[in-house]
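Alright, structures below, take your time with them.
In what comes next, subunit A is part of two complexes: it sits with subunit B in the first one and with subunit C in the second one.
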Partner chain A sequence: MDVLTVTLNPALDRELIVENLEVDRLHRVKNPKYSVMQPGGKGVNVSIILSGLQVPSLAIGFIGGFIGTVVEERLREVSPLISTSFVHVEEETRENITIVDPINDTMTEINSVGPSITEEDLEMFMRRFRIGLKRSRIVVISGSAPPGVPDDFYATLSEEARAEGKVVIVEAVGPLFEKAVESGAVSIAKPDLRGAQELFGQELVELEDYQGAAEEIVSRGSLMAVVSFHIEGDVIATSEGTWLLSTKEQVERSHLLGTGDSLIAGAVHHLLITPDDYFGAAKHAMAAAIAESAYVEKMIITDEDVIRFEDFFTIKKLR
Partner chain B sequence: MLVREAMIRDVSAVFEDETIETFTHICLRKRTAGLPVVDEYYRVIGFMSETDIIRNAVPSYFSLLQSASFIPDTQQFVQRLAQMRNRPVIDYMKKPPIAVADDDTVMYAADLLIKNGLKTLPVVDEQNRLIGIVTRIHLIHAASHGTISE
Partner chain C sequence: MDVLTVTLNPALDRELIVENLEVDRLHRVKNPKYSVMQPGGKGVNVSIILSGLQVPSLAIGFIGGFIGTVVEERLREVSPLISTSFVHVEEETRENITIVDPINDTMTEINSVGPSITEEDLEMFMRRFRIGLKRSRIVVISGSAPPGVPDDFYATLSEEARAEGKVVIVEAVGPLFEKAVESGAVSIAKPDLRGAQELFGQELVELEDYQGAAEEIVSRGSLMAVVSFHIEGDVIATSEGTWLLSTKEQVERSHLLGTGDSLIAGAVHHLLITPDDYFGAAKHAMAAAIAESAYVEKMIITDEDVIRFEDFFTIKKLR
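Right after this comes the complex of A and B.
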């Protein structure tokens, strides 16, 4: 197994395509294809996209109840390249509802919290995480954490993974992310800025703010920072410099679903083939994200898709 | 047809030193009746099922009886279960494990399941590490679609 993906708070993603969405109104989904139910959660999504790139992965985390069972079974049905070893918890796994309105180019998301995690659940998870580490080269720790998971948990996981000599990729938000970065054990750090545009207590408004945030992450010990700048760009920072990677064509907001996870999967794919080439991983990641943005729905992109989009962005050196 | 085409890539397992209580919790939450038992290297060293718990909790003459109502003291069963609860699964698991490799044929796996009266077989790699499971219901599904002997 090359990759271990950690999703502490997986979800059943329900994606609906509704034209002219309005609150306080009845809407009917016109076509069964416009109502999709699939396993989700950021780490789970990375496993799914990796399978399209022919990379085997082991998905671990917490799962619970009827919804959890559906998520786990559907995930394994996606591809024989995905193995699972989730810790089953008492309460029900959450659902994430996304309503895409292609007419008004909007994406409305409603995410629930997730099950409560006990001390015993955490202990069981840690043991399975350590075993998974031994069998993988890259660890992806991504997404939110359900109630009961301490704020320093991603930092703990990152430190254990780095101590085993693994490449550690973290995408999250808030204290979970910041403490992981502060541990200095993260190889690639990507703040999830879909909610508040804020990092380390600083609001991110101008390009300089995003550049500052990326450089701050690197100064705290990460080998590379990836900070999304509006829809069409990513600020990339390493110890060697800072760059802005921007798409040549405008990306529609309704096409953003899964692009962040494709970006991570693209980086993983590159690092498995070319270890230590982090800037190359950033470029491959960008191409993967643009390939994903070619579709409205969450698609399993292939290596050919990624290669096709390698030329679809510009690189500007900021530092 | 090979095992790798019919297997489920679920590598959920119970560790040899985890308790019967933990095993029961996992089974209840996963809605399963048995799990492979692994060591710290994820090598399969046994298989633990609800049948193994029952077999160890009821008197040895139970299998000779027609009905559980013949057991003179059910309290004994309850007490025995309470004693087992905090014991490690290694004390009660079936060993050595019966397992298959992913390049074994499904016919071979079916043969093992039937001969040994099992519902689930662990699938292991060349180092005996767990990489999945194969279940009776999946083999029945493969057989009913005519793919088992291909």
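Right after this comes the complex of A and C.
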């Protein structure tokens, strides 16, 4: 196993394509292809995209109830390159709903909270995490945590992984993310800004705010920060400088589904082949995200897709 | 078994309470109670509400895939008064999503199409329908049909049920509903106007249009028509006259969930005790719908709830 992905709060991802979505109306989705369900949660998505890039991974975290069983069975069906070792809990795994409107180019998302996690569940998880760690070179810790998981949990996981000499990639939001960054054990840190454009208590508005956030992450101990800047760019910061990577073509908002997770998978893919080339990983990650954005649905992109989009963005040095 | 409910296209009903729902935004549902899943589909809902009124029923129809299994298992958990005998099909049962916004008083619904039904599935269903029919006094045929079900299928079911001397209640929309009405075998016909205010090719705008639609249904052979008039009223027509039943208090739009199915369950409940008293059934039905509308969520109302709301509406003779 090359990669360990941690998804504490997986989901059954339900993607609906609804033309002309309007609040307070009944919509009928007539085409069965316009209502798709698949295993989800950010770490699980990374495992799925990695399988398309021929990278094997072990997915761990918590799943629960009827819906959790659906998630795990569907995940195993995706690819033999994905192994799972989830801790089963009693309450239902959540369902995340994304409504894509290709006519008005909107994406409306409703994410739920997930099952309650007990002390015992956490201990069981730690045992599986340590076993997974021994068999991996890169650990991806991504997404939100369900109730019962302490704020410093990603920091704890990052520290254990770093102590074992692993590359640690964290994408999250709020205290869970900030404490992980502050542990100094994260290799690549990417704040999940989809909900609120805010980091370390600062609102992000102008490009310089995003640049400042990326540099702040590096100054707090991460090797590289990746901060999405609106739809078409990513601010990348390392100890050597800060850059803005921008797509050359306009990206449709309704095509954003899965691009953040493709970005992480692209970086992982590059670092497995070329360890320590973080800036190269950032460029490969950007190409993977753009490749993903070529599709309305969340798709499993191939290595060829990623190569095809390697020239589809510009790089501007900010510092 | 007193009642047979037919739901050709059941669903996993997912109700989300989202404050300030806006298109093109990411919403996080923080309270687990604000994301509820339960077995759904209009006939299934009637079975659930009947169980709260202590009326046993047999629910039949088609269910499929992982989600179908969740629906059937959850339905059996609701009450021992509900028996099931669904035909299992290969494709996934759909999920119907309702997003209730109690702040802006809106209800946004997304219904999907459901699994494809083959000739063989239909034959298997007919066998179960005939067995169920023998054990029931009232048959409720309610909701949409999945792909592969012919337009005259509700007409066929209604004719078979009427030939056995059963009371037949149909709630549906489009050709499926209109052909059932035209068979002359339906006892109570209720068009499902949630999607479009239209019947027999006529748009319904003014009260007199709704009255006309109700009278048209009766003239085409139904004993009673129940046509919802906006939020707070129902037009009832029989061969003896036409009436408008209106709630005395304002009903919140976000509380409408399940009121149509409660209305049907209320009518069934009354007809089991007082056969042939259709106008009495209409009044009891209205009380049940108002009782349901007292709740934001889809609730299982009790007989006491229904009795409590018996005086909460006015009756005006239109003809």
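In the analysis below, the second predicted complex is superposed on the first by the 319 of 319 C-alpha atoms of A that agree within 3 Å, B and C clash if a C-alpha of one lies under 4 Å from a C-alpha of the other, contacts with A are read in each partner's own complex, and residues count from 1 in each chain.
Here, a residue touches a chain if its C-beta (ideal position, glycine included) is under 8 Å from a C-beta of that chain, and two chains touch if they have at least 3 such contacts.
As the structure is a computational prediction, the values presented were derived from the model and not from experiment.
By the touch criterion stated above, A:Arg135 is placed in contact with subunit B alone, subunit C being left untouched.
Contact with neither subunit B nor subunit C is seen for A:Asp305 once the two complexes are overlaid on the shared chain. In the superposed model, A:Leu58 lies in contact with subunit B only, and not with subunit C. Of the two partner chains placed by superposition, only subunit C is touched by A:Val18; subunit B is not. If you count the residues of subunit A touched by subunit B and by subunit C, you find the higher number for C. Once the two complexes are overlaid on the shared chain, A:Ser83 sits against subunit B while remaining clear of subunit C. Touched by subunit B in one complex and by subunit C in the other are residues 69 of subunit A.
The residues of subunit C lying in touch with subunit A in their complex are 14, 16, 18, 21-32, 34-35, 37, 66-67, 69-70, 73-74, 91-92, 94-95, 97, 99, 101, 104, 106-116, 147, 194-195, 253.
Against subunit A, in their complex, subunit B makes its touches with residues 4, 8-13, 15, 22, 26, 29-31, 40-42, 129, 131-132. Within the complex formed with subunit B, the residues of subunit A that make contact are 58, 64, 69, 72, 76, 80, 82-86, 88-90, 124, 127, 131, 134-135.
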